[in-house]
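Chains here go by letter, A, B and C, matching the order in which they are written, and residues are numbered from 1 within each.
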Amino acid sequence: MSHDQAAILEVRGLHKSFGSLEVLKGVDLVVRPRELVFVIGPSGSGKSTLLRCCNRLEEPNAGSIRIEGVDILAPRVDINAVRQRIGMVFQSFNLYPHLNALGNVTLALRKVAGKPREQAEAAAMQALARVGLAEKAKSYPNELSGGQQQRVAIARAIALEPVVMLFDEPTSALDPELVGSVLAVMRELRESGMTMVVVSHEMRFARSAADRVIFMDHGRILEEGPPAQLFNAPDHPRIREFIASIEH
Amino acid sequence: MFERLADTFFNWQIMGQYFPKIVEGFFLTIELALAVVVAGIATGLLLAIVRAFRIGVVNFLIVAAVDVLRALPPLVIIIMFYFALPTVGVRMSAFVATWLALALVLAAFAEEIFWAGILAVPRGQWEAARSTGLSFLQTLRFVVLPQAVRITIPPLTNRTIAITKGTALGAVVAVGEILYQAQSAYSFSYNPSPLTLGAIAYLVLFLPVVYLGRWVETRFAWKR
Amino acid sequence: MERLVASFFNLDILQQAWPILLEGFWMTVKLTLVVVPLGVAGGLAVALASTVRSRLVRWTVVVYVDFFRAFPPLVLLMFIAFGLPFLKIDLGAFGAVALAFLLNTSSYYGEIFRAGIESVPRGQYEAARSTGLSALQTMGWVVVPQATRNVIPDLISNTLEVVKLTSLASVVALPELLFAARQAQSLTYNATPIIAAGIIYLVCLWPLVRLLSRFEHRQIALH
């Protein structure tokens, strides 16, 4: 099969089942450098599973996934090396509670990237500064607000200098007043040229920041296009209903 | 009445006479207890780590062994090791039999506690660590175990104290620890004062440990 | 292999030893049926005493509990079995065992019930008192039932330990299962009775162990 040389992430014919439940029924997705792709859809549509297959937190049943042209499902691929290149941010932050912010960011830098402590800490401080939390380096997760925890989680991912960042509902566990700070960091990342795939319900953010919006339903991509088109004049009435229900 | 009580349970002369023996037993008890704690907890942790790999047959064997060791009274295990195994040619000293039995029992309980601790660490912790490229073992070592061990400290401390007190069972197979010394002194002198002395020795040894356990329980109450 | 079977799983020997083992087994059952209810009742009393206002009572309870938690049960048993007769108090082997285990297990059960009582929210107590129940009625009808439910796994776990503890009675020549097994061993010069006793313990206690390990996984997972 030919593949898109310019793509950072290229997903073809992705299938994933949990037992008898088929969650992804053949998904194709191409993400090019510096692109921000927004994935929306009702719960159970398979959008989180799609994201989690992209760094093999879930093993797909069929299909192919390429990162910068390299097939990450190949049997001999070093998945841990690949995962360094794919940053992931979770809905529930998943910071390590026994390590402070700096420790959370340096762990993979030291153990996976193999950097010596000083270098790892310098890189981590830079990442923390980028998310505006340099002064919280010594704080433990339970001393940080939800928004701050999520920003540390973003720093943990970007410190590894990934080629693509995956965001799995990064703001849905946050109190409304804390959402803005996380979105601001994401906007800054986009402006600096980071390639991003975002699963989220933040429609206003999607309208202003996304290059492309993908609507998933029942394990398939129903429609995709620029935000203005998908939000204002979608082909499918299903999408209009969904957007109305989210934005009320 | 009081005089008779004092003469029976606090006979200074007899206590003085057997004091050195009790001290000897005291140090042997400490030696035995430390050997049991170190071997038992290390083995338990190792088994829990092996279990985390979730290899069907291996896990079945671990669970079976742990269940047997939890269901059998420690004294029965000691007696099996010391009186039954020699009949098939496996011989060990009374000290080794007691040590091995108690260490295995502690290992079984510790494995269960560590394993429950590993299971208690949320899945998201594994996923976050793996998503940054840490391997399975690195995730276990740097992310999961530090959290698991912390939750397990209070139950593990209490269990360890309870099993360590089992060193007294060694007296049954004539390990020269405190109780054995006290008991043989009692039968020589036909006066319970050495038993009193032995009891005091146990209190000196274990009361601080019990308080340590209480302190640990409040200190490590898990906050997230 | 043959030697192993002849030494550990010798059916002829087992047949000879069976009546003795059976008698020992019933003694273990009897001992359990006496010691467990006594220990539970004692533990409940200890726990209730630790909730009263009087500081003196509360301190006495703490000293009692810590004392018996620090004391190896076998030491306590020997002290009672060998020491008390010198004061012309002869409880007999069964009585000595029952007393020693009552003192020992009630302090453990007491700690468990105390933790259970502390786990019941204060609002429960206040609500019950506001409806006119007395302090004792509140404890009996509202607090203790909830407390017990909250600590069922710990109660089962401790009960398992108490049943295993009864094997210590063999040391003071009470003919329970382990004592019977050792006696049969010395009569037959064969280890089969001891292995058989082990298997009997295993068969009786294994279901409890399974039950517990399911409880424990759930319990820690809830933290």
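Assume a contact is a pair of C-beta atoms (placed from the backbone, for glycine too) under 8 Å apart; a residue touches a chain by one contact, two chains touch by 3 or more.
No experiment lies behind these values; they were computed from the predicted model shown.
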Report summary line: Any chain touching subunit B and subunit C at once appears in the list none
Query raised in the report: Taking each chain's centre as the average of its Cα atoms, which chain lies closest to the overall Cα centroid?
Result: B
Report summary line: Outermost chain relative to subunit C, judged by CA means, is A
Query raised in the report: How many Å are there between the centre of subunit B and the centre of subunit C, using C-alpha atoms for each centre?
Result: 18
Report summary line: Averaging C-alpha coordinates per chain, one finds the centres of subunit A and subunit C separated by a number of Å equal to 55
Report task. Starting from the mean Cα coordinates of subunit A and subunit B, work out the distance between those two points in Å. Result -> 48
Requested in this report: Enumerate the contact residues on subunit B facing subunit A in the complex.
Outcome: 122, 124-125, 127-135, 138, 142-143, 146-147, 150, 223-224
Query - subunit C-touching residues of subunit B, taken from the complex the two chains share - result: 4-5, 8-9, 66-68, 70-77, 79-80, 83-84, 87-89, 112-113, 115-117, 119-120, 151-152, 161-162, 165-169, 171-172, 178-179, 182-183, 186, 191-192, 195-196, 198-199, 202-203, 206-207, 209-211, 222
Query raised in the report: Considering the complex alone, what residue numbers of subunit A touch subunit B?
Result: 55, 57, 80-84, 86-88, 90, 92, 94-98, 107-108, 111-113, 142, 153, 156-157, 160
**Report entry** Footprint of subunit B on subunit C - complex, ascending
**Finding:** 3-4, 7-8, 66-67, 69-76, 78-79, 82-83, 86-87, 160-161, 164-168, 170-171, 178, 182, 185, 190-191, 194-195, 197-198, 201-202, 205-206, 208-210, 212-213, 216-217, 219-221, 223
